[in-house]
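Next come two complexes built around chain A: one with chain B, the other with chain C.
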Partner chain A sequence: MNISCPVPITNYDKITLAHGGGGSLSNQLIEKMFLKELGNTYLNEAHDGAIFNLPGKLAISTDSFVVNPIFFPGGNIGDLAVHGTVNDVVCCGAIPKFLSLALILEEGFLMKELWLIIQTIGKAAREAGVQIITGDTKVVDKGKGDKIFINTTGIGTIPEGINISPANCSPGDLILINGNIADHGVAIMSSREGLEFETSIQSDTAALNDLAGSIFSVTKEIHVLRDPTRGGLASSLNEIAKSSGTGIEISEKRIPILEEVKGACEILGLDPLYIANEGKMLVFVPEKYGDAVLEAMKAHPRGKESAIIGQVDSQSPGIVRMKTGIGSTRIVDMISGEQLPRIC
Partner chain B sequence: MNISCPVPITNYDKITLAHGGGGSLSNQLIEKMFLKELGNTYLNEAHDGAIFNLPGKLAISTDSFVVNPIFFPGGNIGDLAVHGTVNDVVCCGAIPKFLSLALILEEGFLMKELWLIIQTIGKAAREAGVQIITGDTKVVDKGKGDKIFINTTGIGTIPEGINISPANCSPGDLILINGNIADHGVAIMSSREGLEFETSIQSDTAALNDLAGSIFSVTKEIHVLRDPTRGGLASSLNEIAKSSGTGIEISEKRIPILEEVKGACEILGLDPLYIANEGKMLVFVPEKYGDAVLEAMKAHPRGKESAIIGQVDSQSPGIVRMKTGIGSTRIVDMISGEQLPRIC
Partner chain C sequence: MNLVKKISEEIHKISQHPWVIMEICGGQTHSIMKYNIEEFLPEGIRLVHGPGCPVCVTPLELIDKAIHLASRDDVIFTSFGDMLRVPGSESDLLRVKAEGGDVRMVYSPLDAVRIAEENPEKKIVFFAVGFETTAPANAFSVLEAKRRNLKNYSLLSSHVLVPPAIRAILSSPDSSIQAFLAAGHVCTVMGYEEYIPITREFNVPIVITGFEPVDILQGILASIKLLEKGKVQVDNQYSRVVTLKGNQAAQGALKEVFKVIDRKWRGIGNIPQSGFALTDNYSEFDAEKIFRLESIEKMESPLCIAGEVLQGMKEPPECPAFGKECSPENPLGAPMVSSEGACAAYFHYKKRVTKMN
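Up next is the complex of A and B:
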């Protein structure tokens, strides 16, 4: 936890209830911390909200982030909150433009940790090309929250000719993913449990808007985009199969996964198919574009390990099947319980 | 706490971690509870977000609600979360259209209380003419949250010719309010402390978009709208005075307040000027429109007790002054501490 510059609020080292009271301490937090790092012409207006113009078709998505621990190998709750919502907007076929940012802080939360998270949010937003245009801060009494919860809501514009929806999933579509699965969930789980693996497994948290741009430069005829976060690859595929009424077959040996992640899952008794990813995207594309899209994805820094992992068919509508490593076929169900609480 | 119809999820009477896991229990919550009450063509899409068209200039505002207790005289956290964000969008001069809804639930939260809150959200949204178009649910372990926290983010369209901003506040502007102050904060505080007053004081929580419509039907030349929530009337006026560099003078005897609220404030040692309102709006309007706007406000069900409470001037820029009941003038400062934590 290296803080690159001094915390801009020096008179308090911890969050107090008054920082959420709407008075001068709230204003100090806004001016000295949030505007300092995140400020732009919208946010600086100090209005009840922000006013903007965005022509055409828009997409909106919201997510609250309650990940535990808030700092983990490869990121923290701040970049996760930016990437998560940016990627949800991308998966609507949109170019993310604006985010709102709402914090629920626990009384006693360390000011220097808040500052580190705000700086991370600023950096992640700049890298993803989005602006934070409106926000809110609440403080709850000690023991009634857990350090920090973050909500982001994102807005983006959908370019002409793009039409992404799970309902578009069609028999024949190839299913691609941009790299190794289960990194995020295993990174969180191992840092939560204090487990040490031979190499440290990092969260894959990343914004995928630029990668989506590369994909759309091949063809606008992409049917579905989906980031397999909570519930992992298996849950996302099940949702898409169910809402489109198609069948899906994936091949176990084609699914990219790091050896150490596979090993960690065995030790922890977890199935990597159900483990959250935070920098991965499933791409459903008509068969004829499969190779060209794969090539474009592999050429992108966020897609080097991309692979075609399966195909949509009209057998067994609503069901996801997997050809296992030993050649048999098994049904990949929706998870019912909870493998990993507070993973994002 | 009267639940008007049976809870639609019967196999669980409490929220479990698995209800936030992204698997089949999450889906059950979405389908049987959220879509049942809140469903519309956007939300039913089961997409990562929602896709919409809204032409022209837009406003966005976000708020998280952490009020304690979650049920209070006059409302609950559900309608508060709808009204609060609707009113922030209104105070940008916009007609609210869409809301996102993100829940952070504590493990063990009663399903029947969630259902009651979801029904209240549905009713409040229908009454305010807004649709909930995208959402998210997270569950945190017992003792790491407090029953339910709600984030809403609202989007609205700004009609041609309307330009609301605190920076527009100009010397000569009359300042109107649509009724009694401090009801919400006192209702929360007395129900939290278990105090009983002669008559039960109710929260004023209400959506103000229809009232704003009545005001704009008089003139589009409204300078500022502001809902004095956290920090109360005093904090809102200070923010506006500071961001516009004007002075503000209000008259204590013109500020509408219920006798029992005044009495409760005396007992609790609170200054009503700093107490949150959730159904009140400050309206800054050029002097020539003052009487007509007041008349329109009084004719509206949400504005019967409306009053002109003060005027903007160029004396003492950035400072709010109040003529007291006994004729002296005092400065009304920004609050620094915290009168009432978790009021909204």
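Up next is the complex of A and C:
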């Protein structure tokens, strides 16, 4: 990303209420910043919305992004806003095509930070092969927001023969993940005010549509895809076990995790199974495809550390079990509320 | 063969009788549940979970005092994370925060001292909760605040001590505990000399034990060895960290800042000489004195059997409210809040075990 690219708006170094007012300052923001970086035939029309054709079955997903801090090791809120929604559409079995982009800015937000985020959004969208075709900007009084909130909605087309749903999860399915867990959450925590600690851990934020393409090239018979974001691996697995009424057993030893992340979690009193990921995908496939899908995932740049971490069965319906590192078995429960660090 | 299996087999081999062993520390309870250590033990060995979760034993009145302070406009209330959800008689600190109270989660009391320095117009209170493990850092924060000449920093102190709790449990006529795993980190600070007279007085072996699954199994093995041989002594499983005399510098700070007082434990009641309070020399850092907090007697939920659970007399699932009126989302008592509380540990890791097998 060319972050040295100069801020295209120089007469204001901070966002004012007028930038969201719909008048000339709003237009300046749209033309000089948004269209310059994100423009395409749909967006350039500057219509109230976008009109388009898409064939076949569609998937739609929406997500809001309020991450704090907005810049963190490995990315910023702009990457997340594209990747998060793209990945949700991917996990519906769809090929993401279009995004909407809505910004809520706090009065006084730095123009150069906004520009950095818009450039990041542009780059992330181009890399993911999606176009931003409609958008909105609002500005709220200082103190009524927190720098910047972003909402994106994504639309994608579902190819013939693909049917992804947690309800498809069946006994015998193997469960794969495309790499190390908990990087994103720990990277965010490491940069949070009052908690800064020295670490080289980077957020894993990434779009997964290309990886999904590699997986579908092995077989269309993928049962479930799920990106374990908030609530982490444990929450996603619990949701799938509950909605499909199957049991799941995972193996602690097989779950890929960086030693550094493990160590940070131990110090902070957090369980990495419940920590957010932003570039990870759980893949449930019939057993016979397990090895081939694993190989395809490992060959992809976003899946080098992929592993088979568990299997679906009919024991303990709705419950996730884990073979611990020392060979015992325990329940991996849904988290209640947010993880709060322990005292000692 | 892996170490866990090896220790497990040895435990099976030497266990001739049923034994009841209490792990005193909540960190160990958490590990036991998280790794399902009981799976490696013979039927007759029963682990009972002790009161070693500081969050769980902080008395209701003190939580109410914390809530009162956190609600004041002139106060920034700082606390470790897991105190925030502990229910007081009417609210909890997270709710106070939602209502606009300035409640901040910190990872170290020194962060609270920094906040005090940065906000001279506010009064910064740190909720100083914990056993001998956390007390030295809290003592250092007071020394540091004094060194920086801060007049706006204070502790709401609820420190508790392990040996008096062991005595209280063993003195109860209902106690069935035959051996203790003592808390490795507490002994890292305090050493284990003070446990020697307890073993003699109550005729129970005590094994200083660490927190990793292998540590705990080794601690259990050492306890059973002593029990089977009828030996009464203190063994140190955690010798890679714990020494007889402990950390002298930390003990020095404790002695300087704190004095030993009687303390009320949530669910258990008053235990003589079982806690720390600030000495008179440091009373300017004592939130209870600064804000003239009056003691108010509060009633616990009549459904909650936390007291019996904390003393190892009942297991969490024996509580009629367990998993029904009381859950981590809506805790009636503190042991359901902290990940180290016996009720929460049961709820997360074991609540449906019977269904599983």
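Definition applied: the second predicted complex is superposed on the first by the 329 of 344 C-alpha atoms of A that agree within 3 Å, B and C clash if a C-alpha of one lies under 4 Å from a C-alpha of the other, contacts with A are read in each partner's own complex, and residues count from 1 in each chain.
Simple rule for what comes next: a contact is a pair of C-beta atoms (placed from the backbone, for glycine too) under 8 Å apart; a residue touches a chain by one contact, two chains touch by 3 or more.
None of the values given here were measured: they were computed from a predicted structure.
Colleague: Touch check for A:149: first (chain B), second (chain C), both, or neither?
Modeller: first
Colleague: Touching A:226, do we find chain B (first), chain C (second), both, or neither?
Modeller: first
Colleague: Looking at chain A, does chain B or chain C touch a larger number of its residues?
Modeller: Looking at chain A, the partner in contact with more of its residues is B.
Colleague: On the A-aligned overlay, A:54 touches which partner chain: chain B = first, chain C = second, or both, or neither?
Modeller: It touches chain B, and chain C stays clear.
Colleague: By the touch definition at the top of the document, which applies to A:268: first (chain B), second (chain C), both, or neither?
Modeller: Only chain C is touched by A:268; chain B is not.
Colleague: Applying the document's definition of touch, where does A:327 land relative to chain B and chain C: first, second, both, or neither?
Modeller: In the superposition, A:327 contacts chain C only.
Colleague: Considering only touches as defined above, state whether A:316 meets chain B (first), chain C (second), both or neither.
Modeller: In the superposed model, A:316 contacts chain C only, not chain B.
Colleague: Chain A residues touched by both chain B and chain C?
Modeller: Residues common to the chain A contacts of chain C and of chain B are 336-337, 340-342, listed in rising order.
Colleague: In the complex formed with chain A, which residues of chain B make contact?
Modeller: 16-18, 20-27, 45-54, 56-66, 68, 88-89, 91-94, 98, 100-104, 133-136, 138-141, 143-146, 149, 151, 153-155, 158, 165-167, 226-227, 229-231, 235, 239, 243, 274, 276, 334-342
Colleague: Write out the stretch or stretches of chain C touching chain A in their complex.
Modeller: Those residues of chain C that touch chain A are 2, 4-5, 27, 33-37, 39-40, 54-55, 80-85, 104-107, 111, 129-131, 133-134, 185, 213-214, 327-329, 338-340, 347-353, 355-356.
Colleague: Can you name the residues of chain A that touch chain C in the complex?
Modeller: Result: residues 194-195, 268-269, 315-316, 319, 321, 324-331, 333, 336-337, 340-344 of chain A touch chain C.
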